[in-house]
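Have a look at these structures, which come just after this line.
In what follows, subunit A forms one complex with subunit B and a second complex with subunit C.
This part shows the complex of A and B:
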């Protein structure tokens, strides 16, 4: 199973490395959105620093939509899904492999955005470094959920506009938990419950994915 | 028996709704603290019960039945669709009556309270479910994807609820049963509240049944249209 997971992840990451969509389209979009957020909250550094955790997770959520859309498009060409089915690959492994590839991409963009947040929105370097494990956990949760929602929306009419309608409400807990954990680090308050919530969401999405991704592939 | 239930459901729903209105508006006294505003308790909790538990519970069970190969049938899919449509309506009504109660009580139409926010998020998820159904023409694809989405939403609901509850909460505590299991509502008010739950549940059953029948007839119409088109094409080819 692990070999298959790594194989699927490697395939998606190889396509990404060759197309460079993450580097030339997704990351610039994220950084530009961060700049726009800075402009929207005004020039006061203390206000920007106070709102930075929330703005960071909003931008990360928007960026994740682009990554999900991109990942689900990889299999959108005619016959690709059928070919995967004919290969007889375990759907659970395909699900985890795709989530792993998406996690690598989201964690990479998220880290770049974290640097941007530190520079542009005046968050302390200490808080930014300490929030990195939470960012990895949040992006893993977004990736697992993203693969599922991306597959549900894929090949539907207007998939591009359908995906945000399906996924954004479900991303609310990740946004809340991530923002609260980041804010807790900024003001040095406990963050255990938010890490716990993210972990529960991660396990829930992984379980549902392992159980039901096969049904989605059939459709 | 089935026929009796089918025939009696509509009149029973109507009769219990009228009885709830008469009891809630004319017979029960106004509340000591909130006055006539408290009469919303005969509508709002029952709406929330139908929207969050009855409708969504029905949709989740029907979706699980569809996904389970042994119980897979379009009946389950149509029941899930009907339940979600009713859920969306009742979520809207729950938020509306909650706002009407919140304006004089809290001074604002909307607060970022746990129950309100998670109900609103669930409402948007239900709209997403309906959008998903309209984005897929193939009945089997539509049914399978909608069922997975409903299950995913059911898993998400407690996570959304706890995340928003820990984030902030303002909502009034439980009215019927507190944590110590003692009733906080008595006499005619308690009976009217119970009656309202019965009335809204009967209305839910009637509405789901009506919506299911429409979906069933739509599917029958599509099939007969397809058959007619095939016959016409065969006749065209033969001549």
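This part shows the complex of A and C:
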């Protein structure tokens, strides 16, 4: 199973490396949105720093939607769907492989956004560095949920517009827990319960995905 | 033992019947050509044989797998499929696509380069699929059949988009496969090349109208 997970992830990342959608489209979109957020909250550094965690996670969520949409599109044509089905791969391995590739992409863009947040929204470097493990956990949870909801939306002719409507409510726990954990680091308060919430969400989405992905593929 | 045995199989898309009570037996090492007008159910029958469609009524086995159960997923690993649409990742090259497919199915990776060479794509083997013509993409599919060596070949209009050289190559491949023990089922709107000795299955309105050897 691990071999198949790695094969699927390697394939998705190779496609990304070729197309460079993350580098030339997704990352610039995220950074531009972050700049706009900075402009929207005004020039006061203390206000920007106070709102930075929430703005960061909103931008990360928007970026996630683009990455999920892109990943889902890789297997959206009828011909590719059929050829993947014919390979008879274990659906659980496909689910985890795609989530792994998405995690690598989201963690990369998320790290770039974190640097942007430090520079543009005046968050301390210490808080940004300390929140990195939380970002990895949050992006892993977003990836697992994203692959699941991307698959559900892909079965619709209006996948691009259906995906945000389906996925954003599911992302709410990740958004809240991530923002609270980041804010806790900024104001130096305990963050354990938010990390716990993220961990529970991660396990829940991984379990649901492993159970349902095969049925979603067939539908 | 029959390669496929279908009994009164009905396949629907929503409430629309794609196949309406198909009863059919396919014998080993025989080439079958399915003919019929547009919408007669040719592609649906191929998809059923590949385990890609679930019957809503009836029963059947293909290569010993029950197509009414979850064995359909296992069946897919034993058939080769060539459809109308491009079935590879557009951003990956033929070599990368075939390596991914071979590694996931346990096929021989070393056979990929000779197969691409055989179908005349040695010089284009590292070019992304999206830059290949429809005929060249078909040739990549042919190379995959050579690597995979499936027991049951299912091909939807395989001669479409191929030039004369490609058609000759495909015919040679089909004859070789049949000689080596494979069963081939293909659909066609036109006449097959004379070297293909095929039994005929005529479909009308989702039913088998006639089977002639």
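A few points about this structure:
In this text, the second predicted complex is superposed on the first by the 218 of 219 C-alpha atoms of A that agree within 3 Å, B and C clash if a C-alpha of one lies under 4 Å from a C-alpha of the other, contacts with A are read in each partner's own complex, and residues count from 1 in each chain.
The rule is simple: a residue touches a chain if its C-beta (ideal position, glycine included) is under 8 Å from a C-beta of that chain, and two chains touch if they have at least 3 such contacts.
These numbers were taken from a predicted model, which means no experiment stands behind them.
Put simply, more of the residues of subunit A are touched by B, taking subunit B and subunit C as the two choices. With both structures placed on the common chain, the touch criterion links A:74 to subunit C but leaves subunit B unconnected. Within the superposed three-chain model, A:2 lies out of touch with both subunit B and subunit C [touch as defined at top].
Residue contacts after overlaying the shared chain place A:11 against subunit C, while subunit B stays out of touching range. After overlaying the two complexes on the shared chain, residue contacts for A:87 are found with subunit C alone; subunit B is out of touch. In the superposed model, A:176 lies in contact with subunit B only, and not with subunit C. Once the two complexes are laid over each other on the shared chain, residue contacts for A:187 go to neither subunit B nor subunit C. Overlap of the subunit B and subunit C interfaces on subunit A comprises residues 218. For subunit C in complex with subunit A, the residues that touch the partner chain are 47, 50, 52, 54, 73-74, 76-77, 79-81, 83-89, 91-92, 96, 100-101, 103-105, 128.
Residues 67, 121-122, 124-125, 127-128, 131-132, 135-137, 140-141, 144-145, 147-149, 151-153, 155-156, 159-160, 162-164, 166-167 of subunit B are the ones touching subunit A in the complex.
Within the complex, the subunit A residues that touch subunit B are 148-149, 152-153, 156-159, 162, 165-166, 168-170, 172-173, 176-177, 180, 193-194, 197, 200-201, 204-205, 208, 212, 215-216, 218-219. If you check the complex, the residues on subunit A that touch subunit C are 4, 7-8, 11, 14-15, 18-19, 74, 77-80, 82-83, 85-89, 218.
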